[in-house]
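So that you can tell them apart, the chains are marked A, B and C in the order they are listed, and the count of residues begins at 1 in each.
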Amino acid sequence: MDFLTIIDILGTISFAISGVLTAMNKRMDVFGILIIAAVTSVGGGTLRDVLIGKTPVTWMLNMTFIYVILGATIAAIVFRPQLKYVRKSLFLFDTIGIGLYTTAGVQIGLAADLHPIICILLGTMSACFGGVLRDILCNEIPVIFRKEIYATACILGGVVYLILYRFDVDTSLTTIIAGSVVITVRLLAVHFKLSLPSVYRDAAMPE
Amino acid sequence: MDFLTIIDILGTISFAISGVLTAMNKRMDVFGILIIAAVTSVGGGTLRDVLIGKTPVTWMLNMTFIYVILGATIAAIVFRPQLKYVRKSLFLFDTIGIGLYTTAGVQIGLAADLHPIICILLGTMSACFGGVLRDILCNEIPVIFRKEIYATACILGGVVYLILYRFDVDTSLTTIIAGSVVITVRLLAVHFKLSLPSVYRDAAMPE
Amino acid sequence: MDFLTIIDILGTISFAISGVLTAMNKRMDVFGILIIAAVTSVGGGTLRDVLIGKTPVTWMLNMTFIYVILGATIAAIVFRPQLKYVRKSLFLFDTIGIGLYTTAGVQIGLAADLHPIICILLGTMSACFGGVLRDILCNEIPVIFRKEIYATACILGGVVYLILYRFDVDTSLTTIIAGSVVITVRLLAVHFKLSLPSVYRDAAMPE
């Protein structure tokens, strides 16, 4: 098991746990919690695969995801009173996860021969859409649309990936640098409480 | 028209009517009611087809679904005051429907050469996701995530299907036995008011 | 750039602006607004493509959509106090947009050799589903399910398209006539405040 696989599993775990917490908050039953955990973890990659026609989608071809999500969900339910003590680690795993998911998405887009900007969008979608689906299923406006710098970090990382790719930098190195950009931007944004401006509406709605 | 086709049509009818009732409850117009009925009926199979790449999706290749849904919706709107008298029959059709949808989903997964556990998930998804989509479109947290034993019945039926499949039992017999397991578990669960435990959250949410 | 392309771009612009307005209303940040604009514009065509297996989906193959949506969103945010002065133009673009999206959807269905009724559904879906997705992401019951004649106009236009197609009328002429039917029905419906009846529920819900 190499370094990237370990990071991938840590990312999946932290995504699953964020799903468990949201679902418990909504007083779902054990089945609902499991589904929300799974959707948060694999939702982004699934949308990416469906849109580019890479089917059966990735999580169906590899049981690792299923086992990791199942294990993380059970552990999060059992040890839920203790979760607050690992809050910082979870945040870090989550951030590393989006870094990795972003670069994986960009890579898959390039392999499918899509336009560089589309590849950045695919990467961002892979990293962010799981959380969007989680919020829709929990009947909330997705948090990412309101006050997160999440997606901006992914887009910047995607841009860096493509620049390095153009200069023929080695793929592993590109992945590590672009992933680090995502992680750094997100950590800085949370630390300095940066967020995108929201725009209040003062115009007429067309009917 | 064979026995399974008749059951399939009865299942589609009862799924459509459950959609009509939810949509009427939300004061939708006739078009909205029809869409919710259709989504409840074919939503689960559509997700299954899209995820494994079986396109165009099944309901596009066979007009039966369209006609049955249209007929069931019109009938349910016209005879809505009488629906309460057939409540038990509707519940039975619905339960038979999920039994059948589950086994059909497992079968399609096996034909696509997917891992047995993925096949069970595909079967469960086929049976349950129509109702999830119905609830999302009606702006509700899906009922199945909160207090249903619905999915558990599907999973148990899927497991039985795969065990019989491993022992090379005849496909029709396998379908009937596995479908009956789904139906029996659901009827027992409703009769004895069984449901999965929900877990209240008492942990910190990572940000 | 021919006439239809110009109309297509105008339609995309007005769909994007309707997304911007809804998202601003929900106090989303700039990123959320952009996503809602994009989803409103390309959501319908994306669903159509995914359901029939035309992947990668259309907007990934042509950067025009991305640029138009980005430009329209930035312009709508910057000039939001002025949007009320172009309200009527926006409504007109939007209506022309759904006319065009409907005919394009029907055409793609025919090219995929699907049943005529399925083709009408594909056209209607292409025109309407972007708005449905916009409303779901903004946590609203889709407006189209409650009080719009939107979809009815699309269905009528689709029927006209297929009749002309059966009589071997030239494709451009068919597109213009069918598109005009959609536009006329919608304009008349809004002018005379027509809408479909809603049906209140007075029946028992099956469990």
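Brief remarks on what is shown
Everything that follows uses one rule, which is that contacts are C-beta pairs under 8 Å (C-beta built on N, C-alpha and C of every residue); 3 or more make two chains touch, one makes a residue touch a chain.
Remember, it's a predicted structure, so these values are computed and weren't measured experimentally.
In this structure subunit A contacts its sequence twin subunit B using mostly different residue numbers, the overlap staying below half.
Summary of the copy comparison: rotating subunit B onto subunit C for the best CA superposition needs 120 degrees, to the nearest 5.
Centre to centre, using the average C-alpha position, subunit A and subunit B are separated by 29 Å. The set of subunit B residues that touch two or more partner chains comprises 50, 53, 136, 139. Subunit B makes touch with subunit C in their complex at residues 14, 17-18, 21-33, 35-36, 46, 50, 53, 55-57, 60-61, 63, 66, 77, 80-84, 87, 90-91, 94, 136-139, 190. Of all residues in subunit C, those touching subunit B in their complex are 50-53, 112, 114-115, 117-118, 121, 132, 136, 139-142, 144-148, 151-152, 195-207.
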